[in-house]
Every structure is written in C-alpha cells, then in structure tokens.
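Each of the two complexes below includes subunit A, the first together with subunit B, the second together with subunit C.
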Partner chain A sequence: MFAQILTNSLIAGSVYAIMAISFSLVYSSTKFFNMAHGMIAVVGGYLVLTLTKLLGLGAIPSIILGIISTGLCGVIIHFIVFEPLKKRQSSSTTLLVASLGVMIIIQAIISILFTSQFKTLGANYNLGNIYTIASATFTEINLVTIISALSIFAFLIIIFKYTRFGKIVRALNDSEEVATIVGIDTKKTIRYLIFIGSAIAGVAGILTGYDTGLEPTMGMRLLLKGIVATIIGGTNSLGGALIGAYFLASVENFGIWKLSGEWKDAIALGLLIIFLVFRPRGIIRK
Partner chain B sequence: MDKKIRVGIFAVAIMVILSGCAQTNIDQSKKENLKIGVVAPLTGEMATWGESVRGGAEIAVDEINSTGGVNGQKIDLIFEDNFACDKTASVNAINKLIKMNNSKINLMTCSGAVLATAPITEQAKTIMMVPGGSTAAIAEAGDYVFRTTISDDIQAKNLSKFIADSMKIKRIAIIYVNNDYGVGFFNNLSTEISTNGGQIVKSEKYSPEDTEFRTQLTNIKNTSPDALIIICYGKEGGTIAKQARELGIRVQLIGTDNFGTNEVATAGGQAVDGAIFSTEGIDMEQPRTKHLIDAYTQKYNHVPPVDYVVADTYDAIRLLADAISARGYNPDGIKDYLYGVKDYAGASGVITMNSNGDAFKPTQIRQIRNGKLVNYQN
Partner chain C sequence: MEYLIHIAIIISIYSILSLGLNLILGYTGQLSLTHAAFFGIGAYAIAIGETKFHLNFFLALLIGIVVAGLLAIIIGIFLGRFRRDIYALASLGTNVILFSIFLNWTNLTRGPLGIPGIRRPEIFGFIFQSNFSFLLLCAFFSYLTYTILHRLLKTPFGLTLKAIREDEDVLSSFGYKVKTIKTTAFVISAIFTAIAGRLLASYITFIDPSTFDFNESIYFLSVVIIGGLADLRGSILGTIILVILPEALRFLGLPSDLAANLRQILYGLALIMMILFRPQGFLGKYKM
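Now for the complex of A and B:
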C-alpha cells in the first residue's frame, strides 16, 4: 500500500513539478503572476492533438513540434500583451488582470475550435503498458512523466550553472536594472526564458493529455498546483519548485490515504497557508 | 438658428413616433410568442450536458413551430448559462427569466441548481421543469417543480436489486463525486444495497474537478471488493475506470446514468468495456427515440454527448407544449395538467407523473461494449 501511495505521489508530483518549474522560470523573469500560464500548457496539449489526430503526423514529431510551438505561443503573447504594459510601468495588478483576460480568451478560443468535450491524446482504446515494482503499479505514461520532470530539472540546472546564458539569467534574477547597465539585453533574455518556460508548460499539457485527457478548463487546475508548489518550495529556486511539487503531492496523497478524498484540495491549500504564515520564503530560501 | 431648431424638433418628433411604433411591435411579438426559459451548463465542465439540453429543446421547438406552434403561437426559447451548474449563476438566471423576461415556464438543469432555485419558482408560482437533475431531494422541492428525469432513489433501488439478484454480488466498493448528485445517490445506494443483503466494503469521495484518483482507488483495491460502483458527474467516470484498471482492479465496474455516456466511453476506452450502468428507459430501438437522435446528429453533425438528456429535454418541451395547448400559458393550469400525465409515450420512455411531479419511467441496465452503449447481455 505504502509503495503504491508513494508511487502515486511521484506521478502526481511530477506533473506539478513540471508546471512549477515552468511557472518559476516565467515568474522570476517577469516578476508578476501570469494567470494565463496554465492555459499555455493546455495550448500545448491541443496543438499535439491537432498535429496527431487532424494532420496525421507521428507522435514524436508532433510532440517536438508541439513543444516548440507552445514556447513560441508564450513568447508571442508576452510580446503582444505584457511587454507593452511593462514598458508603460504598469503595476503588478494591471499585469495580473491582463493575464486573466488572456487566460479567458485562450480558453474561449480552444472551446470554440475544439468544443468543450473531453479529448484524449494517443491510443484511445487500449490501456497501454503497465509496470509493477514492489507491489506498486504505474503505466508507461506515468514513467515518462516522472522521467520528464527529473530530466527537465537536470537540463535546466546544467544550463543555468555552466553556460553563458545561465550566467546572464542569474544576473537578471539578481537585478534587472543593473543587468541592463552592464550591457545585458534584458528584453531578449526574458523572451528566451518565456520561450523555455512556455515550452516546458506545454510538456505538462501534453503529458496530461496522454494520461488523463484534455479539456479547455484544465488550465487553472494545473496552474494552481504549480503555483502552490512554487510558493511552498521557494519562488526563486528551481530546486525549490521541484521539492515543493513532490512535497505537495505527497501530503495530498498520504492525506487521502488516511482521511477522505474530498480533502485533497483543502490539504493542498491549507499547506500553502501554513507555509505563507510560517515560512513564506519556502522550503528553500534564497 | 431658426432652421436648426426646427430640424431638431422634427428629428425628436420622428424619434418619438418611431419608438412608439417599435413599442407596439414588441407588444405584438410578446402576444405572439410563448416564452420558455432554459437554464443549462452551456459552457465549462458540464458543457456537454448543456449542449444536450440545448439540442433536445431546439429540436422540439423547431418541430412545434414548423407546424404552426401551440394554438397558433410560436415558442421562443431563452437560454441562460449556469456555468457548469453553478448555483449562484442559476439563481441569477432564474431571477432574470422570471422577473425580466416574464417567462412563466422555465427549464432548470443540474441537481444542485434545481434545489437552489426551486424556492424562487415556488414563490413566483412559475413552472420549473427539470430535464436533467436526478437527486431524490427534488421530489420535495416544490409544487411547481416537475421533472422528466428519473429520481435517483428509483435508480438506486432498481440497480441494487439487479446487483444482488442477477449479478449475485455482495461485497461492493463505491467511489463517488462530492456534490448534491453524488452524495444523494450514494446515500440512496447505501440504503438499498443493505436492504438487498449486500455490503459496502469501502467508499471513497472525490471533488468534481479532480482528474486523478489513484490513491482513492488504492484504498479501494486494498479491500478486495467484488464490484466497483462509480458515481460520476461527467467524463471523469471513464478516467476513474482507466486508473482502476491500471492499478490492477479487475472487478466488474458498475455506473449510474451519468456513467452511460459517449464521453465516459471515450475517456475509459478498453477500461470500461463490459461495464454496466443503470439508466433511464431510453431505448434506441424505439422509432421515436431513434428519430430524435438522428435529428440531433443531422442538425449538429455529431452524436449527442448525453443522449438521454436530449430525450428528457425533448419530452419536457413537448409535454409543456401539450399543457399550454390544453390550459393556455397559465402556470396553475399547466401544473394541474402535468400532474395528470399518464403513460405519455415520450422519446425518453413511457412517462407517468407521480404526485411529486416526478416522471415515473422504468429504468434499464445497459452496458458499454467496444466503446458503444448497448443493451445488457450476460
């Protein structure tokens, strides 16, 4: 039993982790809560749906193309909506409200194009491969999800520690103003970060599409868990996002094990409140 | 200056005359068209229900209006969205329909929404017809509240009997959605399963927006039930089935009427093959039912997502039209007429209204096989 609950936590936590990492990237570069970020993940899922089901492309090319396109989507939205607002020195509240608008628009467009009906990616009918280790079972998609989360994390750590781009990003995180003074093209760097963050969010949407399915309204749910994980883990740290995500998933699942299923959301948000009150900088302070 | 003033007065005079004419036109159309309000989850999580309600209503009204309407008057449907069964939105919608649109006959969808808005329709003495709202509590919700949906206590009774007598299953686990519908149905099932000699070995709840249920299912797997009943609100029933199978739960899956939808079949895939579900007596082999479903498919270019809701709504509108034809657009007269409905051959089955304003129809056990909803075979 314990092994299964732990596995469930790993699976759920990995999706949260991907969302949390992507949100952390975007948030630390733009410094405002982008409510539309969840919808970017949904866009990724629906793009792959279009490529595989409507255009008949293979899974792998569709996924790669989908991830890149999602990244581009994120940058385009940033360019059209948020950059002009930031140029005008808009407050965080204004940006937040604008992002809500973007979220609603994207959700509406997806509903119109694809209907609100539930859609799945991949082999619709059959169950797919199921693995069992030490009385804990998980599917192929679950395994891919866990590996993806950890790989993305490792990949980003390597980039940020060892490449020039990584140094620029760290400088930007420290202080945007000083970075500009030193000659860093902050605008371009932020755009790259948004591209990466949106592409990663797309991965979350695609994986969810293969595992549980797609619907236009799933964006907010994904985003909320990502935000809670980020805040619990520590907003300025990728490691924090990862730890926060797995911690959140574990508390939720072990909570359901002992309490009742209806408490899941209450546990997640209750945990958030506890952290905000007692340890607002998160598990990993920076 | 002089000329300008004259032009001004002339313009104002024209506007006054025109608005007077327009007012008369509106009054004329008020006299001509009968209003029926429809509150349904047109957008959001339950949008496929709303789509089905809309489809059933529009097809019924198209048919009625194309033959001249009711006693020469056409029916106007006024749609209001209650945003995925939100109770506040439903209250706002019914208030608008009754007070602003002056609609004395309204359809309301979703169990929770009906319970929330029933007091309003009672006080206003307007008719509320429910084409999709099955929780048992609606029976007592009001004198002016009627429904073509079968009440859950009837479904629970028939289903429990079937499980005990025909399937001979005793140890049952239940996973259900935590809302008015789910909790109500669970309570009905608990009583009926015990009455029939069965035992609920584990019950687990989940929130309507949840997408993964692995830990609840792990708890259930641990008690080794002989069957799993899934009381779902929408397509997540299929996801629950899929995750149950993935976890190694191989027992018979049993669902309620919300489980028996094309959406659940799509979401579940192979996992729901062989699952049975209790549903209203919609029989696709009946000509009038098939005619309705074909009309829907032709009009909207895809099969109805929730076919019995289309049929229930269609029957609701047609019953109301018959009532208006007999008693006029008069809530009290319509109320008396509806209580007297007996053996009405509707697209959703043969309907008799009981003293609570509930449709009494036989229920059916059906099955999902190869992604299709079919009649049950052992």
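Now for the complex of A and C:
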C-alpha cells in the first residue's frame, strides 16, 4: 500500500511538476498569475486528439505538432491580450482578470467543438504495458510521464545555465528595465519564454489525455496544481517548482488515503493556504 | 409577462450580489474570487434550514446571515493579510475549498444531488407564492442593499475604504487599522452576497453545488467590472446588461448546451474588451 501511494505520488507529482515548471517560466517572464495557462495545457491535449483521431496522423508526429502549436497558441494569446495591457502599465491584478476572461473563452470553445464529455487519447497509441515493482503497479504512460518531467527539468536547467539565451533570461528575471537598457530585446525574449512555457504545458495536457482522458474543465485543476506547486516550492526557481510538485502530490495522495478521493482539490488548496500564511516564499527561499 | 417578471427577479437578485461585490472589488480594490462560495453559503443555509429543520424563511435568513457573517470574519481576517494577486489567489483557494465542502459533505448538502423542494418565503401567513410578489420582495432587498451601501460609502468608513484602494501603506502609517477595515468590508460584502444566494435558492426552489463553483465567481467579477468599479449604479447596469445579453441567445433557439457555452464566451469577451478598451467599466470611476 505504502509503495503504491509513493508511486502514485511520483506519477501525479510529475504531471504537476511539468505544469509548475511551465507556469513558473510564464510567471517569471510576465510577472502575473496567468489563469489561462491551464487551458493552454488542455488545448495541447485536444490538438493531439484532433490530429490523431480526425486527421489520422500517427501518434509521434501528432504529439510533436501538438506541442509546437500549443506553444504558438500561447504566444498568440499573449500578443493579442497581454502585450497591449502590459504596454499600458496595467497592474498584475488587471492582467489576472484578463486571463480569467481568456480562460473561460477557451474552455467554452473547446466545449462547443468537442462537447464536455470525457475523451481519451489512448486507443490509437498502445501504451498498455503494466509494470510491477515492489507491489506498486504503474503503466507505460506513467513511466513516460515521470521521464518527461525529469528530462524537461534537466533540459531547462542546462539551457538556462549554459546558453546565451539562458543568460538573457536570467538578466530579464532580475530586472526587465535593466535588461532593456543593456540592449536585450525583452519583448522577443518574453515571447520565446511564453512559447516554451506553453509548449511544456501542452506536454502536461497530452500526457493527461493519454493517462486519464481529456475534458474541458480539467484546465483549472491542472493550473491550480501548477500554481500551488510553484508557490510551495518558491516562485522564480525551477528546482523549487519540481520539489513543490512532488511534495504537493505526496501530501495529496497520503491525504486521500486517510480521507477520500473527493477531497483531493481541497487538500491541495488547503496546503496552498497554509504556505501562504506561514511560508509565503516557499520551501526554497530566494 | 411571466418571462419579464422572471428576468426582473434575476436582475434584482444578482444586483444585490454585484452591489456587495463592488464594495470589496471596486471601492476597497481587493480582487475577491470567493464570492460564489458565499452565494452558496446563503443558498445552502436557507435550503438546509428549511428542508431539515423546517425553519421559516426569515428565521433561516437571520441564521444564514449569522453563519455567513462568522465565516466571513474568519476568511476576511485570513484574506486581509494579502494584497493584489496573492489576495486573488488566496480567495480562489477559499472558493475551491468551500465548493468541495458543498460537493462532498453529503450528509449536510446531499452533494451533487442538490437540495430540492425549497419553499417560497412566508411571513405572518402570507406566502410569496406568485412570481410577482416574489419580485417585489427581491426588489425590496435590492433597494435596501443599494441604500445601505450608499449611506455606508458616505461615512468616514466608506472613505477609508477608497483610501485603502489607493494606498494601503500610507493609510496604515496614519494609524488606521487597515486589516480590520478590509475584514469589515469583506464581511459586509459577503453578507449581501449570501442574502442574494438565499433569494435565489427560494426562487428556483432547488440548489446544487454547480451554481457556486469558481466559474461563477468569474461571472460576478465580469458583472462588476463591466458595470463599473466603485460605482453602485454601475453594478446595477452591469447586472442588467449581463443578464439580458445572454437571454438574447435564447431567442435564437439554440440548444441549451450551446447557449450556455456561448454565454460563457460572451462574458469572457465582454470582460477582455472592457479591460482593453474601457478599463473603468461603463460607469466606473476607477480604472483597474
């Protein structure tokens, strides 16, 4: 039982980690809580659904195409809605409200196009193998999820540490104004970051689609878990986001062992509240 | 005619709510995303009070106000610690937790099944059975809300609220107890919201948790923002616009599922357009 719960935490934590990493990328570049970010993840899932089931493409090309288009989708929304607002020096609260508007629009469009019924991505691409280690079972897609989370994390750390782009991003995170003064094209860099963040969110949506299935309202849940993990871990730190995600997933999974499954969301948000009150800068303080 | 009365009742009920929300959102400048939960607390208070304990509407109303008020004090004190987007996030968290209590405390709320058979209000043997009499009751409450808030905003307390919106730090350096004032505003706002919830429950005689989820908080937000922040007439105008606009969709004869989604798109678009092109709303005095 204990091993299974630990495995479940690892699996759920990996999805949260992908969401948290992508959210913290978007958050650190735009400095506001983008509530539409969860819906971007869902868009990724539904794009793959369209490509595989309606257009009949193979799983791998669909996933690659889906991830790229999700990234573009994020950039387009940023360009249409958030950039004009930023130009006007709008407060982060205003941007948050605008993103709520974006969120309910995307959710409604998806409901109209695909109905609000559960849709699963699975059938076309067989990931049916089931493994058992130390009395804990998990599927192949679970394994893919864990590997994806860790490799996305490693990939980003390498990029931010060792490339010129990474240096620019770090300068941008320290101070957007100074970065602009020294001649960095901050607007372009932010767009790149939004692209990467949205694409990674797309990965989370696609993985969830293969694992449990897609529904239009799942965006909110994905987003909340991502935000909670980011806050628990400490904003502006990818490592924090990762730790926060696994911590959140463990608390949730051990919590529902004692309570019951329906209280999962309440446990997550309860944890958020505890952290906001007692440790608002997260586990890793910066 | 029945249809017009129905629209008028919905407008009266929601205008109580948007007036209450404007107090915290527009005047005090705190982005509360938890009001749908208080709407729910009001509705459940009347539903449980009536169906389980067979209380009179007005008695249940009173008890509901006390319950919502006490809860609002706790949540208000908690939220008072935060500012701006963290306030929004913390209030969102509160809404999710309260929603999951509505949904999962099945012994009390019957969970997703909802509570049917809520009666219309009754006072001294008179039952507000016809929709017209119920409209009068709702309009009375809505008038009462407007007058109370209008008076309140003219008092020194009301002026302090606006000062909090402009600059919390300056105000606390003058020795004002900013947190207490924010909490008080939140409690008043929550109580009005709960009253609106109570009226809605006894109007549609049935409630289930889906009416009180987080999306609903976004609708309330758009009503206040579109009508105008920090303007009471704006809240009423916003309610009228956002109740009537989706009704137009009904006349197109669309299936209800599609109509609901189109309504959501309409709300979202209106919200974004307003923020982009007229950030103070139609009648507002304060830009977001």
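The rule we apply is simple: the second predicted complex is superposed on the first by the 278 of 286 C-alpha atoms of A that agree within 3 Å, B and C clash if a C-alpha of one lies under 4 Å from a C-alpha of the other, contacts with A are read in each partner's own complex, and residues count from 1 in each chain.
Everything that follows uses one rule, which is that a contact is a pair of C-beta atoms (placed from the backbone, for glycine too) under 8 Å apart; a residue touches a chain by one contact, two chains touch by 3 or more.
Keep in mind it's a predicted model, so treat the numbers as computed, not measured.
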Exercise. Mind checking the superposed model to see whether subunit B and subunit C fit together on subunit A or clash?
Key: clash
Quiz item: Thinking of the overlay built on chain A, is A:227 touched by subunit B (first), by subunit C (second), by both, or by neither?
Solution: second
Self-check item: First, second, both or neither for A:100, with subunit B first and subunit C second
Solution: second
Exercise. Check whether A:111 is in contact with subunit B, with subunit C, with both or with neither, and answer first, second, both or neither.
Key: both
Quiz item: If you stack the two complexes on chain A, which partner ends up touching A:85: first (subunit B), second (subunit C), both, or neither?
Solution: second
Quiz item: Between subunit B (first) and subunit C (second), which, if any, makes contact with A:262: first, second, both or neither?
Solution: both
Exercise. Please indicate which partner A:1 is in contact with in the superposed arrangement: first for subunit B, second for subunit C, both, or neither.
Key: first
Quiz item: Touching A:276, do we find subunit B (first), subunit C (second), both, or neither?
Solution: second
Quiz item: Looking at subunit B, which part out of 8-16, 26-34, 44-52 or 116-124 clashes with subunit C after superposition?
Solution: 116-124
Exercise. Would you mind listing the overlap between the subunit B footprint and the subunit C footprint on subunit A?
Key: 111, 115-116, 262, 265
Quiz item: Inside the complex, what are the residues of subunit A that reach subunit C?
Solution: 32-33, 81, 84-85, 90-94, 96-98, 100-105, 107-109, 111-112, 115-116, 220, 224, 227, 231, 262-263, 265-266, 269-270, 272-273, 276-277, 280
Quiz item: If you look only at subunit B, which of its residues touch subunit A in the complex?
Solution: 43-45, 47-48, 51, 84, 175, 178, 204-207, 209-216, 218-219, 222, 234-235, 239, 242, 245-248, 263, 266-267, 269-271, 305, 371
Self-check item: Touching residues on subunit C, where the partner in the complex is subunit A
Solution: 31, 78, 81-82, 84-86, 88-90, 92-94, 96-97, 100-101, 103-104, 214-215, 218, 221-222, 225, 257-258, 261-262, 264-265, 267-269, 271-272, 275-276, 279, 288
Quiz item: Which subunit A residues qualify as touching subunit B in the complex?
Solution: 1, 4-5, 8, 11-12, 111, 115-118, 120, 124-127, 130, 132, 137-139, 208, 212-213, 215, 217-218, 221, 253, 256-257, 260-262, 264-265
